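Below, chain A partners chain B and then partners chain C, in two separate complexes.
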Partner chain A sequence: MARLLSVQGLKVTFPTAQGPFEAVSDLDVDLDVGESLALMGESGCGKSVLGHAIMGLLEGIADVEGSIYFNGEDINIMGREKLRLLRGSSMALVPQSPSMAFDPVIRIGKQIDEMYINTRRADRKGSGPLSKERLKRVGFEDNERAYKLFPHQMSGGMCERALIAMATSLSPGLLIADEPTKGLDTASKIEVLKLLKRESGNRSMILITHDHRAPWICDRTAIMYAGEIVEIGPTARVLEGPFHPYTQGLWGSLPNRGMNTIPGSMALVRDGGCRFRDRCRLCSEECKDRQILRQISPAHFVRCCHA
Partner chain B sequence: MLELRNIVKDFHQGSLIRSTFRVLDDVSFDLKKGKIVGMTGESGSGKTTLARIALRLMEPTSGSIILDDLDITHMPLRRLRPLRNRFQIVFQHPEGALDPELRIHESLREALIMSGTPRNAIRERMTEVCSEVNLLSELLDRYPSQVSGGEVQRAVLARVMSFHPDYLFLDEPTSMLDVSVQAFILDFIRKRVKNEGMGIVLITHDVDIIRCMCSDVLVLSNGTIVDRGPVENVLNERSDGPASKIVRLWDSQKELISAP
Partner chain C sequence: MTSSTPMEMVEIVLERARKLSAASLWCSIRKNPTRTIGLTILGAMVLLAVLAPGIAPFEPDEMGWRPFLHPNQENWLGTDDMGKDLFSQLVFASRISLLVGFAAATVSISIGVCIGLIAGYFRGWIEDLLLGFTDLFLLIPGLPLMILFASYLGPSVWNVVLVISILWWCPTARMIHSRVIQVREMPFIESTRAMGFSDRYIMFWHVIRNTKDIIVAKWSLAIASAMMAEAGLAFLGLGDPFQVSWGGMISNAFNRGGYAQDLWWWYVTPGAMICMTAIAFFLLAMKGGKASYQMEMV
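Now for the complex of A and B:
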């Protein structure tokens, strides 16, 4: 299958008062056309930063090294104008906190209209029917009414679906959804995930999530820890037969699997060895060496010398 | 015991054409010390409103709130303030819970002073409460906006627990956090309940959390309690009670989202 996205040796460094902080380190990941990948890991592990780096949204905020090839072109060295044209029409982000993502004083429909108008796909008159069609597709039965709503008149689940309608309006080849089910009740959560599954049917998707069931809508799942991918593979393998001690710890901390906490907290000290070793039950002398992603079964890679 | 008796709450909408919307309709329940009671129900079923009313953060339209045999429904705030330490709440969005203009250690200090800690013991107590919630001491000098959601929520818990409340409402305390931080926070809450015997209402959509943390559960729907009782009876997939819809939906999530 054709490759859509290829991230190679990505390193993202934020300047902080305490000195530079490396949020993502030497990260490699590929995504084929039509493939979907779930990204999981605890807060601060770099999932959202990776999503923002792919969208080219870190300019002036962080130092980005390495390459991000999108359809064969490196967006890290791409001109600002070219990148702007790419965003929205070729790749789109569904940001966190949907209620904050919309302009609070403009009706939802008008905000989706702008996607078409700004890219000259339609004029003011022609964009209305297109937006209403999008709203219908994301599950608003009464799309005429939804078109006229203000963001504050929508529930969390409705806001999330409207945001997905907006992000997919220009049929981008890559959709990045950042925690789309956060704070939703069970019914709305299932609705949003089913919608994302449908929308990713003919496009690539990166789903950043804390929900351990959400990855089931994706082909592959990657687990991140302290800026690195520690395990990546087919979703069923990573969820049901994880190899990395951190992934095992993560699943073991679920309420229905005993809720055993992982001791300690995410490492701030990085010396080139395994970043999880001070919290790991398997820690040994070899863990001080640099760990690489090793293949343990078809398409399943683990960054652990004990795997 | 914290008792809620026949709580009714109406919301009024519109300024020109007034319409009334009943959010809570005749809700009663008791919260005993030493128990963790789960509360669940769809969005908009009235869970948060009920918690806010129990805390006297919102006036009920009718009904009464009784804190250890003392009717506090209409107690003036001046008299209520000294009782505040005894019943507390933690909200879903940790970002809004701490004063954004105070450094984390200042927020904690304030709570320790209000709960009557002698001035010379404050530093020591603060180290204690922070180590309990695994909050690194280098974070104490930061403002809430400068730390992660999980770290703010731990600071909020450290603050709330330093009041040693008798009754505590936790409104989706971990829905914004990842599972490893969630496990830590829930485990901490469980230990505190065991050691101090406080009564907790844990509001969540997560049926697994209720199964693992709570002895009893209340199920709200459209402003009324439609089911209540021991968790193993109410949240049982084989039961056909009012909660069965919620339980079945929860237990079949994987199948529902994986289905083509």
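Now for the complex of A and C:
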């Protein structure tokens, strides 16, 4: 399959009062056309930063090194205007906190209209029916009413669906969904996941999530820890037969698996060795050496010398 | 509907429309009386200005009466030192005062909004530069400079507008700037950027819409202040002597014997008009402030 996205040696550094902080380091990940990837890991491990870096939204906020090839072009050295035209139409982000991702003083429908008008795919008159069609597609039975609602008149689940409608309105090739099920009840969560699965049918998707069930709608799953991918492979393998001690620890902390949480908290020391070692039950001398992603079965890679 | 002639149907529709508009009007008056009062006064003032030739019994510079007449049946507010009808002057002066108010407020608010918006949205050196520039203007004592400008540029209505708008954009710029840095950090701005919208579009569509309440409130207050500043300049004799405004009338009363002869109707009436118009704008701005407060509670 054709390669859509190829991230090579990505390093994102934020300037902080305590000196530069490396949020993502030496990250490599590929995504084929039509493929979907779930990104998991605890808060602060760099999942959202990766998503924002791919969208080219970190300019002026963080220092981004490495290459991000999207359809063969490195967006890290692309001109601002070219990158802007890529956003929305070729790749789209469904941001966190859906109720705050809409302009509070403009009706939902009008905001979706703007996507078409801004890219000149429709004029003011023609955009209305297109937006209503999108709203219907994401499950608003009464799309005429939904079109006229203000963001504060919608529930979290409705906002999320409207946001997905907006992000996919221009049929982008890549959809990055940043924690789309955050704060939703179970039924709404399933609704949103079903919708995302349907929307990712003919496009690539990166699903950033904390929900251990969400990766099942994706082909592959990557686990991130302290700015690195520690395990990546087909979803079923990563979820059911994880090799990395951190992934095992994550699944072991689920309520139905004994709630054995991982001791300690995420290391801020980045000395070149395994970043998980001071929380790891398998820690040994070898862990102080640099760890690379090792292939342990077809398409399944783990960054651990004990795997 | 049973068989009814077209005329009857028109009657019914008209009747319904009448009832509806009366009911909804009453409802909106009850809902916010301050706005209604403000709008009524303002509407009356604008009508007065627009229909001045119809309302005023004479031309404002028509002479032909004895000077210093007391109010009588023909000259409702008496006459001035040159035998001109004061009531007609009062009516026609509304045009100049309102024009200066609207024009100066609109220009100064536009400058202030643009500078505040750009400084707040882009941050960095642009912000430092624009805010430094604003601070510089804020430090200049306004009234002396206004007098200096006005006397240098010569007496004309448009010079008064120019002087007021050049000097009055700074507080607006400051206020808009602080609101914009608040708005630009809201998550929806980032999501709009992620959807591929340009900075210019985000600034002038989303950010402006979210600062609208402040802009409207500031604008209506600026009109009132600009009218009073115009009155001040006119009182100091820096207005256009051929186009009398309310402030100009007070100035004339002061300089041409109105005070000396205790003809209070000469200077109290234009003063009252200025006050009433200012109050109307303050009432409207109060409404805007309240709406903004409620929005923040949501």
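Please note the rule applied: the second predicted complex is superposed on the first by the 307 of 307 C-alpha atoms of A that agree within 3 Å, B and C clash if a C-alpha of one lies under 4 Å from a C-alpha of the other, contacts with A are read in each partner's own complex, and residues count from 1 in each chain.
The rule is short, and it goes like this: a residue touches a chain if its C-beta (ideal position, glycine included) is under 8 Å from a C-beta of that chain, and two chains touch if they have at least 3 such contacts.
Since the structure is predicted, the reported quantities are computational estimates derived from the model, not experimental observations.
By the touch criterion defined above, A:Ser43 lies against chain B but remains apart from chain C after alignment on the C-alpha atoms of chain A. Once the two complexes are overlaid on the shared chain, A:Ala146 sits clear of chain B and of chain C alike. Looking at the shared chain after the overlay, A:Ala62 reaches neither chain B nor chain C. Contacts of A:Ala53 after superposition on the shared chain: neither chain B nor chain C is touched. Applying the stated contact rule after C-alpha superposition, one finds that A:Ile190 touches chain B and leaves chain C untouched.
When the two structures are aligned on the shared chain, A:Arg213 is found in touch with chain B, with no touch to chain C. More residues of chain A lie in contact with B than with the other chain of the pair chain B and chain C. Contacts of A:Cys159 after superposition: neither chain B nor chain C is touched.
Overlap of the chain B and chain C interfaces on chain A comprises no residues. Across the complex, chain C meets chain A through its residues 186-188, 190-198, 201, 205-206, 209-210, 212, 298.
On the side of chain A, the complex with chain B involves touching residues 40-44, 155-157, 182-190, 193-194, 197, 210, 212-214, 216-217, 249-250, 253-256, 259-262, 265. The part of chain A that touches chain C in the complex is made up of residues 55, 57, 84-89, 92-93, 95-97, 100-106, 114-115, 118-119, 152, 163, 166-167. Residues of chain B touching chain A in their complex: 42-44, 92, 134, 136, 148-150, 172, 175-184, 186-187, 205-209, 211-213, 246, 249-250, 253-254, 256-259.
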